[in-house]
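What follows is a group of structures, each given as structure tokens.
Shared chain: subunit A. Partners: subunit B in the first complex, subunit C in the second.
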Partner chain A sequence: MMGFARLITGEWLKLQKWLLWILLLPGPFLAVWVGSQSLEINAYETEDWLWMYMMTVQQYGWLFFPVLTGVFAALICRYEHVGGGWKHLLAQPVSRTQVYLAKAFLLAGFAAASQVILLIFYMIAAWLNELQDTVSWGILFKSAIAGWVAVLPLAALQLWVSFLWRSFGVPLAINIVLALPTILAAQSKEFGPFYPWAQPMLAMMPAGNGYLDVHTETLVSVILTGFLVAGIGGWIHFCRRDQSA
Partner chain B sequence: MSETLVQTVHLTRRYGSQAVVDGLNLKVKRGEVYGFLGPNGAGKTTTIRMLLGLIRPTSGEIEMFGQPLEKNRKQILRRVGALVESPSYYGHLTGRENLEVTRRLLGVPKQRIDEVLERVRLRQAADKKVKQYSLGMKQRLGIALALLGEPDLLILDEPTNGLDPAGIQEIREFIVELPRRQDVSVLVSSHLLSEVEQMASQVGIIRQGKLIFQGPITELRKQSLPRVRFGVGDPVEAQRALREQGWQVSREEGDLWIEGLNREATSRVVESLVMDRFSVYRVEEVKPTLEEIFLGLTGKGESL
Partner chain C sequence: MLRILAAERLKMKRTWLPVLVLFGPTGILLSMMVDFGLRRDFLLQQPLDSWSILVKEVSALLPLTLLLGSTLLASLMVGAEHQASSWKHLLTLPLSRFRIYLGKGIQMTGWLLMAGILMVPVFAFLWIWFEMGKEVPWGSFLKGGLYPVLAVLPVAMLQLWLSVVIRNQALPVFIGVVGSLFNKLLPAWMPWAYPGNSIPVQIAWEDNNPAVWVPAGVGVGILLLILGALHFSRREVATE
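Moving on to the complex of A and B:
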């Protein structure tokens, strides 16, 4: 356990903190900005705060959040890929499982940080639009946590790919291309929940507003299964593979 | 009888049907500098990666410090420092920060960083970003990283690759000192015999995945027979005449060469040459250099 804590602090040391901010801030900011601009076109007689949140989530959950986790996954593996670090790191007295978990732990942490930042930006926007008294915070927290959980299968998949792939740009491009159909996938009750890139958005949409009607049980079971497959698959592969690069 | 630090039994690694490492029985003892020698692509790096648990053997056993690597990987690696091929580093961090990342994994005290920086003379550059380091400095940082955990065994894969002559000399002297000054044993790989010769007490020579020699360098010298050179008039005819008598004669640069002649046989060759009225103006015993022995063992075309 001590070893794992030390591993995490070592990982933290490697990260360029300024880069974290550059990556973490724009997505939530743009999403909330679009959300607040959408207040003018609230045609569904939805409550303003909820409308603003839904429009925010639509941007954020559709593109920014899934792409961001992909970028983070690539980033936390990049330091090893670039400087030949894998062979050094894995020849240290640490188990590969610990290394995998340390990376996964950081990635999950960044995803959580992104949710927190989204909520903070949203609060600021709500306050600027004098909606702060109408906001139902419980729904927001639930949505943020649900989104975080829903992104974990995707994050595990992205981490798997990042371990294998040295390049930074190609997985990023693929990630964006695969995120785009979310806008279509999310319309489909049957297909949406099964599309990993659509899951964060579906999970974050406040329920019962008639916009989407995905069964929660379906989503939960798909997310759980996806997480187990991508997590265990990536973990076992990482532990077993040859480190010859 | 000193302790055996590394012992492999029939260590084999296949890629598809090709055995890159084939039935290797290595033995490295405490207090040795063991030179692991072979042409590029002979399987040195694959072997070293298996010793570090980076690659799994297809079959065979690895024991280090008397324990099976498979089971006690963490405890074993805690006692091993390694530099595999090109140095590993985080270019955006300083030398000191690089050491700190690894220090946290090893759980050694902070002062150890200054000690190893001092050892590899990187103190001046400790707070510069590693991407600004020269290759020699990166290599030295790699050695500092390997030394950080106060290992009992240092595994260095081609540590002088890409260094200038001064850097090579420096690393070499450094390695030679290790067993004496700090009781650190060393396994160092190289494709250059001349280099290993200056560092190692024991050598293992690998060719196409197989260990073709293992033992002290002095033993290697004894392995090959001296050749005798005959300077004669009309070497073409002389060669023909000697061959007719059953000698294995080769002709190089106008001289005749016969391998593995003892004194008596030499005199018989001279006698028969003289009897056939060839003029003999030089008879010379030529001992092959270690380099030639090495090339003979590993096959000329494959070296370098």
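Moving on to the complex of A and C:
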């Protein structure tokens, strides 16, 4: 267990911290900004705070959050790819499972950090618009956690793709290319829940607003299956693969 | 100069670039097949001519695809040089750095133009498949494909420069993604807004004016390419 904690610390040390902030802050900020701008066009009978949150989520969850997770996945594997670090890392007396888990934990942590930052920016915006008393925090927290859970299958998949390709651009390209059809997928009731890139947004949209009421059970089972497939697949592949680079 | 271009082409032969360039138009074609397949009658009811309806639907995806595509193209083209540490090899050759950079920019423009030309068969296929009219307006198709491409050049050249200057490709790609995703929020004079405002039909949304933004795209694109090349030719390339 101590070894595992040290592995995570090691992974953390390898990262450039200033880069993390640059990656984490602009997206949530812009999304919340858009959300607060669209308060003026709240034409429906939706409460202001909820409208603002929905517009924020639409900007944030739709493409940005899934793509950001992919960027982090690529970043976590970059150090090993660039310096030929895989053979050094895997020659250490640690199991490959532990290395994989350390990277996965860190990735999940970054996704969670992005959600926290989104909530903080949203709170500031709510306060600036004097909506803080009307906000239902329970819904917000539930939505943020659901979005985090929904991005985990995608994170596992991205981690898999990222250690597979030495090139940095390829995993990102795959991620972005597959994220684009979300525009269409997220509008379809039948197909949307099954498209991994659409899941974070669907999970984050507060239910019952006529946007797209996906059954929670459907979403949960699809997300769970996706997570198991991508997680176990990536893990086994990582353990068995010949790390020549 | 021609030999630099030929060498660049050779380097890209077994990479993902051609796949990516094919992927954009194909993805748009498939998305539009679904879109028009599901609601053709509803879409064609609008009080517009068929071409305007088609290009309006396509423009929900095309500018964004081009912006993200330029980001990825730049990163894939340059990332290989970073990763193989081949800058120092390339730059010890008796070639002017200015031209090496120019070669990259011209090649990138070539890939983008190819994607734009590939939009012509995409438009034609949709036009014929969904029976939008008797005569096929090839000229409009070509404009519909090439205008947004010409307007995306400034962003493409900016991404090229960022990808060359910053070794860690996470940052240029991230900047490109944020700029692309939030392109509709930016004021019209910002390069990220050009492609979305270069749709070659009269659409009732403000700022759409190809007569301004296509020439602006070409002009600013060339300017940024030259500035990038100047910077590159003076810069010491840190190699590992």
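Operating definition for what follows: the second predicted complex is superposed on the first by the 245 of 245 C-alpha atoms of A that agree within 3 Å, B and C clash if a C-alpha of one lies under 4 Å from a C-alpha of the other, contacts with A are read in each partner's own complex, and residues count from 1 in each chain.
By our rule, contacts are C-beta pairs under 8 Å (C-beta built on N, C-alpha and C of every residue); 3 or more make two chains touch, one makes a residue touch a chain.
As the structure is a prediction and not an experimental result, all values here were calculated from the model.
Judged by the touch definition given at the top, the superposed model places A:85 against subunit B, while subunit C stays out of reach.
Contact with neither subunit B nor subunit C is seen for A:41 once the two complexes are overlaid on the shared chain.
After overlaying the two complexes on the shared chain, residue contacts for A:14 are found with subunit B alone; subunit C is out of touch. In the superposition on chain A, A:181 makes contact with subunit C only, not with subunit B.
Shared-chain residue A:22: touches subunit C; no touch with subunit B. Shared interface residues of subunit A (contacting subunit B in one complex, subunit C in the other): 16, 82. By the touch criterion given at the top, residues 2-3, 6-7, 9-10, 13-14, 16, 79, 82-95, 240, 242-244 of subunit A touch subunit B in their complex. Within the complex, the subunit C residues that touch subunit A are 16, 20, 23, 27, 30-31, 34-35, 60-61, 64-65, 68, 71-72, 75-76, 79-80, 83, 168-171, 173-174, 177-178, 181-182, 185.
In the complex of the two chains, the subunit B residues touching subunit A come out as 46, 49, 52-56, 73-75, 77-78, 80, 82, 84-93, 97, 100-102, 104-107, 130, 145, 149. On the side of subunit A, the complex with subunit C involves touching residues 16, 19, 22-23, 26-27, 30, 33-34, 59, 63-64, 67-68, 71, 74-75, 78, 81-82, 166-170, 172-173, 176-177, 180-181, 183-184.
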